[in-house]
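In structure tokens below, several structures.
Here come two complexes built around subunit A, the first alongside subunit B, the second alongside subunit C.
So, the complex of A and B:
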């Protein structure tokens, strides 16, 4: 197991970079226009002209899968960014201020955790209409307490260090200490958590768009492609296989990166190796 | 025939010799002290005896226990030796015990692993072991958890675990170093008493030569993984033949040059008046929890350039008082004045000026510097407290000057903490404390974690800085000998109150209060004069 660890980071990073490269490529070039319908070319099996085949409307599945990556990563990435930008400062603040302020912030986080994230996304879609933005918002809100807990837990320990006390005796305020002494020590931890949340976000986005709660047609999306392939799975299995593979590879890449990073950055695990 | 006979033990890891030709022996009922500075290989020797050397390290030589060589034994065979024939007690009782297991179960587990007895018999054996370790029923029930015990009591549980199976040999690795003198003496009494009564060999791993002299029959000195000499503990200061051993003795009893003592009419830099610090007691569901008085109506004043020692048993409120003086501990009664300004009522701008006047230095040199910050950055941190901000050139000049004051070259400015030794780190921590030109430095056990050689140099430096820069020192320590040699006045605390104070020499030579008497009686001293 110990020997697999550096490997998992390498494979994870390699796959992640590949997924990102394909996503970027899809922004400027896809083999065919992903939205172009050609009813004469319906439900073709994978061939040289259409490596992943075509769907019920004659669209090129490879182009669709490539174009959908951007949407998926955008939703998951925004959700992670939202969690980081709100969760990290709140967590730092809770770690630095004990007592009721800490309680208010952390119990607020618990409150968010009490709602299932998919249900909230459904509610948000019902209230304002389904869209990729709403999906990102719903997923992002649930990332806030995740990052808050990570930062607060590890930060609390760092506040007990002598060098932080020395810094307080040198007249540094909570904000300065949090940014200069606490945050730099948490960057590794945050990188790990961000990678994990990113992979969770990709899977969740696929789930939401499968239910029709994220990106709306005609914008391509892995989850919706799976939903549309359902009735045709017997005759055109490639419609389900390739978007499914795309989700699988992306989530695996990010999870492996997260695991690998944790093993690299967490000194406690390093000692055991 | 000795009980434990180590012959030419060497330990090699990847071609590097960690230990070379260590030879020592322990007889039944004998107490042998293995002493040396940090990194000398004391703990490594102990771990090698148990077969717990680092992964991949190769042992050679012989480790004979009752004439059986332990080196060729397989790990499975060693498991039967560990705990049953050789017991081990570690330094930190908090981490050696499982916090979610009752002490009875922890001791019983050791017994059951080796004897395979029933749970009931295991608990009965645990009861006996705890009784023998000075934790008698009914006060110390088997169902207690480690957090319900004090540091000394936890160490007794660890001893009960190590001795439950009546091992032939007990190894105590700095088992009392984390305890205050009174508890240290009690735990050492227990360990040595067991050795004598049961005819058990006791190998004490120590850095404190005074403890070695007081408790051991023989002292083995090692340095850099190599055996230096083995001498009788009696009259230890004269016994060492090697230059290195003599040097250690000189450093251990080294008294820094005091300089003239502070006249009594100079101004008071810091003052605590009737200070009280309350902590919330354990939470109760409905009743209001009774509060604990950590500091209870303490009045203390420190004059400019004065060196004051603050001593007392663990938990007497020393560290809390010290934190109150630097304005980092909220107090519930009384006031703390710095140059006649009150921490509690001073406006924010004033507080900045006050912070500049008092700086702390802590015990653990490894924890007192941010591991990611260079020396220069750490040193520059307090500079923003100055009234007029410094230009980068001026700040650099100040950093170089501070490094010079504490005896490190200016090139250290770019170093990171992991590139320095413990003594160097503690010097940098001291440089950070003096860079704002404070009136008072408060030190919490600031030299306890250092080797005697390094400690002697730091004490010299402290005395010198205090005299040269007219800085007052408040020196909190368990080590009465260091306090006696460094400070001119000593303050003794017990249960949050000051119970005695006066000139250090007088108070420590003729303690009046029972608390001081207990501390003094418990503190081992290196006796330099030959005793009849």
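So, the complex of A and C:
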């Protein structure tokens, strides 16, 4: 097992870098214009000219899959960023102020957890109108308590350390201590959690866009490609296979990275989900 | 706010569509009541009162009654559907894409209503035949006076409504006067406006007096909107339709299917099929799966044209293509720049390649049209050559209009497949002439409100499915904002024409004018694609009206598709209730009453807080439920009345406490859309979601334990590595993709399981597999880690030192103690399985809880959303209570500890 752990980090990082590289590449170049329609070329099976085949409007599936990566990563990334920006300060604050303030913040987090996340995200996205931005927002809300808990849980312990006590004795305030002494120690943990939430976000975005609640046509999106492929699965299975594979590989890459990082940081950390 | 009349626009929409519904009709009935006071006071007054009472009941004051009623309702509904054997009757299962919000064809504007009830449940004086001609129905014969101002109809004798009340001349007068009465919410009120009196000549003869000639009166009377209704049941036809047709409503499982049963006392020729089941399958993928797997016998209005090629090769199926009345247009906002300039509108008309859209978006299933007029209607003129596809000309026109660099516009479309698909093709076609289009897909409710109601749009795509609806171009406040004196003059001439030739000629001029003014871009006329088993006979090929006339349809040879009629269901309500009691008893016995009470109190607080959050969140969501429900032609006063009736007019705090008060008594309120108790809806859906969640949970545990134990046992070895790879794969695989692959393999290729829809427990196998796989992977991984951690603990080491084998130590000492993290994860997963299955429910088109919530949000049926979320949060809380108890039992140290 000990040999396997660095391996998962390596594979994860390698895959993640590949996905990122392809995403960036797709911003400037794809084998074909992902939005160029050509009905004479519709539903072609994979070939040299179209390695992933073409879709019902004659668009090149490889180019679409590549171009859709940016959207997927953008939504999942924004959701993580939202969680970090709101969850970390709240978590630090809760860690620094014990008593009722801590209670209020953490109970608030519990409350959000009591809501079924995907369904609530679906409802938020449906209610605010389907768009990539609203999808990011809906997913981001559920990242806030996640980061809050991580920061508060680990931050609590750090507040007991001698150097924090010393710093307090020197008259430094909660905010200053949190930023100077607590936060730096949490960066590793946050990186792990960010990778995990990122992978969850990619999968959830795919689910939302499958339901038609994230990016809108003609912007390419993996989830919507899967939704559109469903009726053609018998005649054109490649339409269902490649976008699904793209989601799978991206989620796998990020979750392997997260796991690998976690093991690297603290081999004794339990792998809780 | 002044709203345009909705009449004449019947959208082919799903059940999130225009929700006119019963509440609306209550208001309508008030108006009718006023108009018909003299003749029918006593009877209508009674029905009106009873509907008021029905509403008032939802605010019932008697606590005891309420509690008892709620308990009985919830429990009875959960228990009720225990295996009902099907009688050996002929039946046919028909797939329909849209679920009607109600079943009253004479109110509101949902074509989905006619799709179910036309000719089956309700009949008019006349009816349309499959080729669009008018035939006698309840009227045996008719004649017009020479001036065309009065029509005499001779009625069939001995006709009775399905509730036994008689059909006679007085009924005709009642039905027709309801349409034109003040406060009528009949969608076609404007068309029937010339009717100013109906005389009862004798019991079986009526004379209709018109204020101006209507050459097409027999045709219009054939529409569902002019169906004959009985005064005794007019107010309740939405939920309990009573018509003169050969079928009556047998049951309606909202979101699932609706069943009609043959009437023995029908006046005309008895239909050949005893029972007709309409199954609601809106999703093209699910429709494809259902027809392929034989879950439906026929799909007369098949929504997945891209799959027709494949279905045609299937010898067990027959595909026909006819014409529908659906005219798909790209509407332009004529009232504002840039589309108030005819050059811009013409430029867009030239920019469009019709055949390309028909091929690209509809897979060839459509016919080009050049104006707002059906190819199968009388007087059709072919105007498809007025604007040939011409990129250069389009660019030139745009330059002339002052847009040499093109222009940026927004295309706001409703969430229907024809619209999203057409939009994708349109965007690329318009880009070629320099029109840069931004597409926004709106919720149906948002589309009705913002685009149709408030005209906040540049371009939109919508299908007008009403036949002969050219008169919308004469409406001054209609959404596309066309205003032409020339058109109004022509329309008047059409209406005044007494002979067919003149009328036809004027209709031709009218089509030309609409085309010439390039009011909208007329994309195509939808084909009506019908797919059926080869044994199904008598289906309509063309659809001169949105209807599924089942009176001449029968199925021979093979037996019909399976019913979903609630077989194989267990009484989950009772089981759950008993389990909860048992759990609390166990907890009290094992852990003490004080501990149990403390935990219960903590969880109750969480529930309370959650209720505040849910309620608050829904208050700030955009969209007024009352406005959505009343549709587009309601007055502000009517909306205010409805708000009051729904209890929406009080302050937020008052409403919150009213809701909570109801909840405590088990009363979840009444659904705005379906007009049934929310608890019934939830119970129906739980009967699908709960078994699914439990099956997935059990499956994931059963799979995870051996994998986790094996991996831990062979730690660091090749087997461990392989299993870890399997787990990683399982975690990363999106469950809905897995669902798709499972459908492909087990339903489409092997045909072992149904591909979609709910027809008993076999429908749950594939979804349970798809849901369970990722959960099993997560569980297995947690179990493996937990096992390895405990293997390092002192007591296990001692056991090993004592001479216990590695296997024995693992199974006897490590496994029981590894339960705690596993339980934590299980606790997190269980609610997810119940609610997070919303995507899986969509993949397999299951009528589950997630889809109910999804649908309710789009319909702004807030009370249902509140109820569903509350139930789900309650499940989360309940599961965490179970986990707490399990913790405390597994690890005595936790007992003295504080919170969970």
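By our rule, the second predicted complex is superposed on the first by the 265 of 273 C-alpha atoms of A that agree within 3 Å, B and C clash if a C-alpha of one lies under 4 Å from a C-alpha of the other, contacts with A are read in each partner's own complex, and residues count from 1 in each chain.
Here, a contact is a pair of C-beta atoms (placed from the backbone, for glycine too) under 8 Å apart; a residue touches a chain by one contact, two chains touch by 3 or more.
Worth saying up front: this structure is predicted, and the values here are computed from it rather than measured.
Once chain A of one complex is fitted onto chain A of the other, the partner contacts of A:198 are absent, as it touches neither subunit B nor subunit C.
Comparing subunit B with subunit C, the partner in contact with more residues of subunit A is C. In the superposed pair of complexes, A:52 makes contact with neither subunit B nor subunit C. When both complexes are overlaid on chain A, the residue A:119 reaches subunit C alone and has no touch with subunit B. In the overlay built on the shared chain, the residue A:242 is in contact with neither subunit B nor subunit C. Of the two partner chains placed by the overlay, only subunit C lies in contact with A:216; subunit B stays clear of it.
In the superposed model, A:161 lies in contact with subunit B only, and not with subunit C. Residue contacts after overlaying the shared chain place A:207 against subunit C, while subunit B stays out of touching range.
Shared-chain residue A:226: touches subunit C; no touch with subunit B. Of all residues in subunit A, those touching subunit C in their complex are 1-4, 8, 35-37, 39, 42, 56-57, 107, 110-111, 113-120, 122-123, 126-131, 199, 203, 206-207, 210-212, 216-218, 226-227, 229-235, 237, 240, 244, 247-249, 251-252, 255-256, 270-273. Those residues of subunit C whose C-beta lies close enough to touch subunit A in the complex are 284-285, 288, 292, 304, 306-307, 309-310, 356, 359-360, 363, 415, 420, 423-425, 427-428, 439-443, 446, 606, 609-610, 613, 621-623, 715-716, 720-721, 724, 728-729, 731-734, 736-737, 740-741, 743-744, 748, 778, 781-782, 785-786, 788-789, 821, 824-825, 828, 831-832, 834-836, 838-839, 842-843, 850, 853-854, 857-858, 865, 869, 872-873, 876-877. Those residues of subunit B that touch subunit A in the complex are listed here as 323, 326-328, 351-352, 355-356, 358-360, 362-364, 367-370, 372, 378, 381-382, 384-385, 429, 432, 436. By the touch rule above, subunit A contacts subunit B in their complex via residues 161-163, 165-172, 181, 184-185.
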